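Written below as structure tokens is the structure these notes are about.
A, B and C label the chains in the order they appear, each numbered from 1.
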Amino acid sequence: MTAASQDYLPDDRYFGPDARQKDIALGLYTQVRDLPLICPHGHVEPRLFSDPDASFGSPSEFFIIPDHYVFRMLYSRGVSLEALGVPRIDGGPTEQDHRKIWQIFAEHFYLFRGTPTSQWLKQEFHDLFGINEPLTGDNAQAIYDQIDARLKSPEFSPRPLFEQFNIEILCTTDAATDTLEHHRALRDSGWRGDIRPTFRPDAVVNLGSPGWRAQIDLLSNVSSIAVTDYAHFIQALEQRRAFFKDMGAQATDHAAQTAQTARLSDREADAIFQRALRGEDTDEDAARFTAHMLMEMARMSAEDGLVMQIHIGSLRDHNRDVAARFGRDKGADIPLHTTFTRELQPLLNTYGTDPRFRLVIFTLDESTYSRELAPLAGHYPALRIGPPWWFFDSLNGMEYYFERIVETAGLYNTAGFNDDTRAFPSIPARHDLWRRASVNWIAGLVARGIVTRADAEAMAHATAYGLAKATYRFANSE
Amino acid sequence: MTAASQDYLPDDRYFGPDARQKDIALGLYTQVRDLPLICPHGHVEPRLFSDPDASFGSPSEFFIIPDHYVFRMLYSRGVSLEALGVPRIDGGPTEQDHRKIWQIFAEHFYLFRGTPTSQWLKQEFHDLFGINEPLTGDNAQAIYDQIDARLKSPEFSPRPLFEQFNIEILCTTDAATDTLEHHRALRDSGWRGDIRPTFRPDAVVNLGSPGWRAQIDLLSNVSSIAVTDYAHFIQALEQRRAFFKDMGAQATDHAAQTAQTARLSDREADAIFQRALRGEDTDEDAARFTAHMLMEMARMSAEDGLVMQIHIGSLRDHNRDVAARFGRDKGADIPLHTTFTRELQPLLNTYGTDPRFRLVIFTLDESTYSRELAPLAGHYPALRIGPPWWFFDSLNGMEYYFERIVETAGLYNTAGFNDDTRAFPSIPARHDLWRRASVNWIAGLVARGIVTRADAEAMAHATAYGLAKATYRFANSE
Amino acid sequence: MTAASQDYLPDDRYFGPDARQKDIALGLYTQVRDLPLICPHGHVEPRLFSDPDASFGSPSEFFIIPDHYVFRMLYSRGVSLEALGVPRIDGGPTEQDHRKIWQIFAEHFYLFRGTPTSQWLKQEFHDLFGINEPLTGDNAQAIYDQIDARLKSPEFSPRPLFEQFNIEILCTTDAATDTLEHHRALRDSGWRGDIRPTFRPDAVVNLGSPGWRAQIDLLSNVSSIAVTDYAHFIQALEQRRAFFKDMGAQATDHAAQTAQTARLSDREADAIFQRALRGEDTDEDAARFTAHMLMEMARMSAEDGLVMQIHIGSLRDHNRDVAARFGRDKGADIPLHTTFTRELQPLLNTYGTDPRFRLVIFTLDESTYSRELAPLAGHYPALRIGPPWWFFDSLNGMEYYFERIVETAGLYNTAGFNDDTRAFPSIPARHDLWRRASVNWIAGLVARGIVTRADAEAMAHATAYGLAKATYRFANSE
């Protein structure tokens, strides 16, 4: 690597500056750098792999247009989403010249200084495209050419990249009503990549979801169970879970604004469900139903063994105008102040000590790490703390996570890493950041005489690989 | 500088101990140390500069009596405010011997160990008065003499100090009903110091403010608009804003206990206003009116271009006895747990993408940095995050601010520095602490391979100078 | 010490890796390492010392069975409390083979990597039992033998250990209804160890406590005051406080879920008390009565001079099944989101400036350090911030505590260290961790030029010894 590249993307990046600690960190990193990637939670499209002819499109389609981590930052400084080519719901005009979009991106690339997005992008530029210099307005078109040429080469199709990335397991996230046709096609293709669905029933479970009524009809269709009441709703969900499990699913995923759990009687649940079918449900109905369905999902997980993931505290589509014009997930989902202690008590008192049950919790409120999640995970056998989520999938986010959680919960009640990304090519960079941050934290423990080198090696392997694999029940130990 | 002074106030103070990182930090610091000071928000009295004969009084008047950062700490350990010469509202007896006050202060100076107050004071003692040793009870009177002598010299009047401090812009904070006579006198004086008013209408906008009714009468007087109803209230505020803008104001400032925003109909707003005029308004009326007025102030800012600042979450005058005996702002304003996500949604959905609008938010609840403010500022074009406020205007406060905000919001959605001080002579020390803390953080990014040296230089300039200037629209770019 | 031991428990453990800072830290540590231990708050059984024949039992009884810090972690990974020999309330079967219990513990010892529990245990293993290698399943029985042999030696009885530990003062925690017979026996024994009771009236003050009615009868008995109404309840409490004070108590202690304080009229208080006597009180009654009794306890503390401690924000017995089968305090007390600013206003406005009154506050919500506790303690003379409590009695917990509190409150409004432990033999290791963490933080201030070496020495002595002694009024200054 050239000197320029050492300044751009140093080999010892992300490690603390102290020489002794860095030496320990580098030693640990060498041991985990090349371990296969376990990706138990994310949003990559299975279609990329089921279709042998799938490709990534232009540099702007590869890096900008589908990635809300990228376009939200430019939007925050006044660049319109139209100018970045983000498609409008109404099909109205947006920028079609991908070189122009790239030029705007390059001119604003300085906005990402110090953000994980810039770290991922720099590593992708370097590792995938051989770029060794910072992207600027001046070199934007030359770099576009360089990326575009490689994107058009055959080794840049998804399947070869999957193998080059050394991905051992990749889980997608799929609606309860999904027929999993891409997963089926993948299975049938004979290609060896291990890609599995995850059961995410939010659209039918959260009564307030847009288009809920239509989703229920879809559920009836795909399950062949007429969902006309609560009992059949439960039956249909159980059928779908069985189908997902049969298709290789290892986990479910659930999003809620709060962590409230509370069991309703079947009669109450049905009354709410009937009101929802008639379009007469209230906000309170929806909140109570979600709290109840988290209990039901825990029950089903205890029965079928699917690992239950819950993502708590995101207020979706905060900017209603953006949501109305560009649709969901366009970078305006904002965290809410969150509490867990009382909210999870019903669920944990019912299922938290059941050896068949496994719950992985994700939070967007870092103040809950030391206050609630670590004490809860340090007690209840079923509970694991998911890795830093979303905004906290970052160097500081990871350091803070380890420092505020492990002393109370222990490392072995954490869940390893999730890349949680839609951006398939960013997966190696995200895992690399995590592995570096992990060994840097562990090296700090060695340097401060808290763990031995032997402990450190075991911990490094666990954070990089073993914890994710064991948490999601792909292995029996870390 | 002598060896003693190096222990007392080292040249490399506040930088992390790692040699390589410190070297980078010192290099960056050299580039920003002497940049002019931008002071877009603070509480310095304009009278100090409009009156050519203004002086600072005794050492105790300079450092202790008017500074609630100082006397609160001594009060917290049992020293009465009377003994420190803080004036009583009832004119009752307080210590008049300024040497005795100074002696008490010196004997308790150890209480400030590790606080930013001690850092500012040590730097002021050294830079302004040539003091090179820690203040103690033993040397108290000698140091008093040394300070007193310099305070009496002509170069210690405000205007020469303003120039010596290299202040480029200084904004004061002024009531909506202020006639800005000192600002006018300053303009007329021909002196070149750039000192501007800021429009702070809390006393007329927050119905629960002490003496609100009298303030409304004052508003009628200064605006020559009879404020007999809500419509005329709005008209009077618009007139005052136009006047402030004409007098050089670049910004407004608003304090509220919560960040709640919500538009009332004009009819509802008028009904509350009428109840308030009759003294029949409830606490809920006041809360709803404040939430509405934040919307109105945002509307006016979008129209007149004044940058809107909001300071959220301080419970004023927590110690009611101190407030009753000594008045407001006597060191007992205590932060409240704060949330922003839902509260700001009405305002940001209405004005948050308006290119004419700029909103700077200050919080006293650090848990909101990563949870709410950074995600919001990383999306809405109008929003910038104000610098660490009050208790957090400190080395750890700044490190925490950068570490918990920049990864999500980006540096360029932060607002640079505000000294926010009543203590004019502390301004250079406060900016110096910020500049040192900033470059130390940036040097950490370089040392960890996150940003290049070239990036670091641009970031250092932005934090020290460019961001403050651009945020408050004194310049077009950072 | 051998090289193996240096890796296992290095002399410079817990200090940051920077060589210069570590050198300063070691210098400070040398000055405080051997200071006597002040233990003003904890849960050691006085019986251990009143009974000259008391012994500690087997290694499993010494380290595992009574220590919920230890067994909660194994429980969290699926080891049953029965298998660890934790006694059941119903007397049902639990593991009786202490070697088997030890073997399970040893095989799971890796779970504690990076936790303070592992640091305490490693230091106890080494300092008390001469163990120089990590505990594993392989060496479990050999280490059991080594510990068991020493436990059976006479120097391992509590009194000699108390002296060897260099404990200057040890305070226990005792119910309001306790007759303090062990404390009396201790006094009468002529042994010189300074062990004192602490008045903790939660069981009679919190109406919702299990068995409250029986506790009131007990209170009547021990006080010889028939507690038939609120007035006699207060009288009985005053009598008990006088008795505790006579027996050497220096402090009281109070637990509450929230920090709410509010004075009721005597009539309201009596009405609630009467409802409670009839078993007709509501949850709201209980909450209001607790808020009122905190006011009353503050009044009594102002009058009798006992230092008032409040521990806020723990939801006890979160896992109801564990509580039902094994009783209270079995590792499932989970923190609650906490606020103080409004809640403490009534109490602090009434007693917060009374020079006779001293209040020490403990929190389990770290977000309150900088937001509320430091600003409050930096103003009210009566208030001191208790050391990091429970889960936060850890290296990161301490660093975070100093960094988020001292800049605002000053070091001298903190309360020094409490070991707060039931595990008597862990006391030296806990103080050692605190002393190392303290000097490491102080050394960081020296290395960054924030305090001088002379300041640092005074601060190190205060954190290790002086603050605890002065806060609890065993001395007049730090």
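In the analysis below, a residue touches a chain if its C-beta (ideal position, glycine included) is under 8 Å from a C-beta of that chain, and two chains touch if they have at least 3 such contacts.
Nothing here was measured: the structure is a model prediction, and the numbers come from that model.
Peer 1: Through how few touching steps can subunit A be joined to subunit C?
Peer 2: 1
Peer 1: Copies subunit A and subunit B touch; is their interface built from the same residue numbers (over half shared) or different ones?
Peer 2: Subunit A and subunit B contact each other through largely non-matching residue numbers.
Peer 1: Can you compute the centre-to-centre distance for subunit A and subunit B, using the mean CA position of each chain? Integer Å is fine.
Peer 2: 40
Peer 1: Check each residue of subunit C and list the ones that touch at least two other chains.
Peer 2: Only 16, 18, 367 qualify.
Peer 1: Flag every residue of subunit B that touches subunit C in the complex, lowest number first.
Peer 2: 7-10, 12-18, 72-73, 75-78, 110-116, 119, 134, 315, 318-321, 331-337, 364-367, 391-392, 394-397, 400
Peer 1: Quick one: which bits of subunit C touch subunit B in the complex? Just the residue numbers, please.
Peer 2: Within the complex, subunit C touches subunit B at residues 16, 18, 20-21, 339, 341-342, 345, 348-349, 352-353, 355, 367, 370-372, 374-381, 383, 403-404, 406-413, 444-445, 447-455, 458-459.
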